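First the structure, which I've put down as structure tokens, then a few questions once you've had a look.
All chains are identified by letter, namely A, B, C and D, in their written order; residue positions are counted from 1 within each chain.
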Amino acid sequence: MATLSYTSPELLTINAARLLRDGDVVFVGVGLPNLACNLARRTHAPNLVMIYEAGVIGAQPARLPLSIGDPTLVSGALSVCSMYDIFAFYLQRGNVDVGFLGGAQIDRFGNINATVIGGYAHPKVRLPGSGGSMEIAAWADRCYIITPHQKRRFPEKVDFCTSAGFMSGRAEREAARLRGAGPQAVVTDLGILEPDASGELVLTALHPGATLEQAQTNTGWALKAAPELKTTPPPSAEELRILREELDPDKIYLKGGE
Amino acid sequence: MATLSYTSPELLTINAARLLRDGDVVFVGVGLPNLACNLARRTHAPNLVMIYEAGVIGAQPARLPLSIGDPTLVSGALSVCSMYDIFAFYLQRGNVDVGFLGGAQIDRFGNINATVIGGYAHPKVRLPGSGGSMEIAAWADRCYIITPHQKRRFPEKVDFCTSAGFMSGRAEREAARLRGAGPQAVVTDLGILEPDASGELVLTALHPGATLEQAQTNTGWALKAAPELKTTPPPSAEELRILREELDPDKIYLKGGE
Amino acid sequence: MGKLISLAEAVARYVQDGDTVYAAGFTHLIPFAVGHEIIRQRRRNLTLARATPDLVYDQMVAAGCAKKVIFSYMGNPGVGSLRLVRAAVEAGELEWEEYSHFSMISRLTAGATGLPFMPMNPTAAGDLERANPSYRTVTDPYTGGQVVVVPPLKPDVAIVHVQRADEEGNAHIWGIIGEQKEAAFASQRVILSAEEIVPAEVIRSDPNRTLIPGFIVDAVCHVPFCSHPSYTQGYYDRDNAFYLEWDEISKDRQRAQAYLDEWVFGVKDRQEYWEKLGPQVHRRLKVKRRLSTPVDYGSY
Amino acid sequence: MGKLISLAEAVARYVQDGDTVYAAGFTHLIPFAVGHEIIRQRRRNLTLARATPDLVYDQMVAAGCAKKVIFSYMGNPGVGSLRLVRAAVEAGELEWEEYSHFSMISRLTAGATGLPFMPMNPTAAGDLERANPSYRTVTDPYTGGQVVVVPPLKPDVAIVHVQRADEEGNAHIWGIIGEQKEAAFASQRVILSAEEIVPAEVIRSDPNRTLIPGFIVDAVCHVPFCSHPSYTQGYYDRDNAFYLEWDEISKDRQRAQAYLDEWVFGVKDRQEYWEKLGPQVHRRLKVKRRLSTPVDYGSY
């Protein structure tokens, strides 16, 4: 069997899509999460409901949106509501199953920093800030993170906790009585990290060709492997076809990588 | 000059209409307040904005509404919003100039009872309850009350305080830091009561033909007259014409009285 | 299995004895047909929550469905008293819990948005706050003042009637929108009835009009004329004559019972009810068209 | 005098040095033309509040209008960093106050509804709550737990762009409605700009679409293409190319200044700006019609 070639963003997107379940209500971001959701809808999760923090529910974008507030998300959507309503009636009420998160740093316990590198008052690098991620991380039932696997992105501890993962460990999150269960998986270009019983992110799967050593070298803490380290099935021809021909033919998000 | 004859509801409505100012935003009830507002719009206050607690702003009813949620209030209105919004964004925010109130009892300090006659737990008469009047009384800048002048309606103290007037006196209302200034006038079929410096309702005007003694006999406390007791101008031919020919030709609300 | 089922099936499946029911609608869109079906299926010990109980709760109380009402204005709108609920309360036969409109709707909003409470500005009308221990206060951390709060209301089941919905329950509502959205989001289960079931394309042609998304809806029922004697904006008028007539009927428990026997137990469903009303009533309640000016969403 | 005045006059009259300004819009309907007019009139020491500062605040900061930003996501939506605001913050030249989206919008909602604060469920992301003392907690009187609250935001002036309004400022908005309503109700003054000024009958044909009532509006300005490079749903597309281009321009203060000289100071008003963009851009941003299915309000 010939091995199919694929880029790093394609690998990330396909593995993220596989985490979604049919019927999930997903708080979607632009870029790869948007592609992942649309891929899932065209494969195993036709009843996925896509929600955007701009207030759009059940979008049917006719083109790839550049921003989370693109007009193509609105025309033909099922519903559009105010920003307060999308956060209050949908997310805070507990109507969102899945949230996608990103950030400059993700630490050992899945906490995310999207605010500053360095000190808060005099930041070395000022990042965009929380947006909706503080609440998504707390209130969506499950959260997924898509990120390249780089050491600077995976420090032992985030400089600033924009969005709570398991904080100092699962017990602390449980004590905080947050609605959501916290980060369930981090999809990188090397594999998949999932929280263990203590809430620490451990490597549970490697993508075809990637090694544990690679993953450990590119992680800022002593990354453990799960007892049963799996290998993810390679992207299928159908998954790649949908991504390349239907979802991002101009390679706006799928360019780059190897 | 021939004296025009008019009924008691006509007299009440016309005197209430005169209290409204051009540009006022008014929280309107059905019945006489609705007629009073529409009369004011057709006379001295063309820019009056009528708001209904059902969530309707700037109604242009083509017929007399029976209920506060009549469809004729909606068709052709400027705006319709939810019940939460009409109370929160309009009334609580301080966007309402005038509220009309009613109740089974109005006491010496303008407190209103629309809840129970007798004790609360085992009421002798169970009335409809607050509806919106608890908040209207507190948050509209000025409140007006339209009521027949009867002793049982004007007790020294209400059995139950559904809506705050001046409570035990102006000082207590001021201490409660309510947004609105409280009841500014009670229009009865005998005259007009207004709060004095202490917040006590005193008779400030008599309608043509009514006497101070009549008013006192029909009030449950020792009703004082203002130092300058005025007489209200009698209903004009134009006011009566608009009421009878344009606003309530079928005499749905204007029947009764003498 | 799809969500589009008969009203009888929806009530059988989603309304249980002892439930807290919120039949939404401020004067408009009151789901009488669903109330009647609940009566026909003889549900008991319900807690009936509604800002304005209206005639539908008067009828449900008369039929013995309720053990409690939660309300903020217990009247026959535009007419006067709600005689049967009132009589039951005065006779001590019915529990009640009472709010102002704003505190009632704030409770529902807290329930719909997942909040532990909603704050309100002070009204100083302390008697109700003292009578109902659900009113509490918190200390404003910015000024040190006292702020009145109310707890969330989370009914077991919301009943919401709308003008048009698709088979999944994505619903367009216009006219007086009352507390329809809040009731649906606050409740554990949602029964949605609609004057018209339309293709999803109609809903998608105007997403800003969709107040209730299908994924929070459990049952979708096609029930034309569901609201009578209340009304559905653009579909039929409010039957003011019946609101006045009920004021007479409800003076006498026997007459009320006879009404239920004839108009609720005596008909199979809303269609039979509507036919029984007859052509004269149909004509009287008919409404001429007055269309909204469309808006352009653009093709992107 | 009427409210329908030129944008230049509206800014002259209602935006003062030192004001807190909320130019509303979540990606959609961002009032660039008003931001540019504020730059042209050289307002200073403004506090610029907005959930998503977007390019318009980058430009206003570059022009020296601002002393402070209040925000919850400081990015170029879909592109990356908001370089000029970021540089000013990193250089310590600009004060800032930071929230999450929901706490920002909760602040605005508290301001719009006259509440002393709005509660939120816990997020446990304590670093921001520690960094920003506006976050406080109250004790839940029902459970004894701690509840995070934020105080009201009450800007001096809200700037809201809409699709269509009548001369009194009664405004129809559709598509992404963001925080337009909350900003208008929260603010002391409201400048409303509209793609189209329509007869009141158009507004009255669909009252549920009216999110902002005229009586809270101070100035109504007819400003077609006000939102470019943002967009107005149904009227023109988002100029994604410019959002990408600004990412280059804003890498260099000189280039940003040259942009302002040419496109803000170099034009008299939005009409000149739009003409200067030229027919190719006009064509690229043109949108085909996609009309909503009308609804029937009925003639009562």
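By definition in this document, a contact is a pair of C-beta atoms (placed from the backbone, for glycine too) under 8 Å apart; a residue touches a chain by one contact, two chains touch by 3 or more.
On a predicted model such as this, the values are computed, not experimentally measured, just so you know.
Student: Starting at chain B, what is the smallest number of hops through touching chains needed to reach chain D?
Tutor: 1
Student: Have a look at A-C, B-C or B-D and name the one that copies the A-D interface, over half of its contact pairs being the same.
Tutor: B-C
Student: Would you identify the chain whose Cα-based centre sits farthest away from the centre of chain C?
Tutor: A
Student: CA centre of chain A versus CA centre of chain B: separation in Å?
Tutor: So the centroids are 58 Å from each other.
Student: Roughly how many whole angstrom separate the Cα centroids of chain C and chain D?
Tutor: 37
Student: What whole-Å value do you get for the distance between chain B and chain C if each is reduced to the mean of its CA atoms?
Tutor: That pair's centroid distance is 29 Å.
Student: Between chain A and chain C, tell me the centre distance in angstrom, where each centre is the average of that chain's C-alpha atoms.
Tutor: 40
Student: Which chain D residues sit where two or more other chains touch them?
Tutor: 114-115, 120-121, 145, 174-175, 177, 181, 205, 208, 233, 237, 287, 290, 297-300
Student: Residues of chain A touching 2+ other chains?
Tutor: Chain A, residues with two or more chain partners: 56, 70-71, 74-76, 80, 88, 92, 139, 179.
Student: Touching pairs of chains, all of them, please.
Tutor: Pairs of chains that touch one another: A-C, A-D, B-C, B-D, C-D.
Student: Flag every residue of chain A that touches chain D in the complex, lowest number first.
Tutor: 30, 53-56, 65-71, 74-76, 80-84, 87-88, 91-92, 115, 120-126, 128-135, 137-139, 160-164, 167, 173, 176-179
Student: Along chain C, where are the residues that touch chain B in the complex?
Tutor: 26-28, 51-52, 71-75, 77-79, 81-82, 86, 89-90, 92, 98-103, 105-106, 108-109, 120-128, 131, 145, 174-179, 181-182, 231, 233, 237-238, 240, 243, 287, 290
Student: Applying the document's contact rule, which stretches of chain D touch chain B when the two form their complex?
Tutor: Chain D residues touching chain B: 112-115, 170, 181, 185, 200, 203-205, 207-208, 210-211, 213-216, 297-300.
Student: Which positions of chain B touch chain D when the two form their complex?
Tutor: 25, 49, 56-58, 60, 62-63, 70-72, 74-80, 88-89, 92-95, 139, 179
Student: Quick check: in the complex, which residue numbers of chain D touch chain C?
Tutor: 114-121, 136-143, 145, 147, 149, 151, 163, 172, 174-175, 177, 202, 205-206, 208-209, 233-235, 237, 287-300
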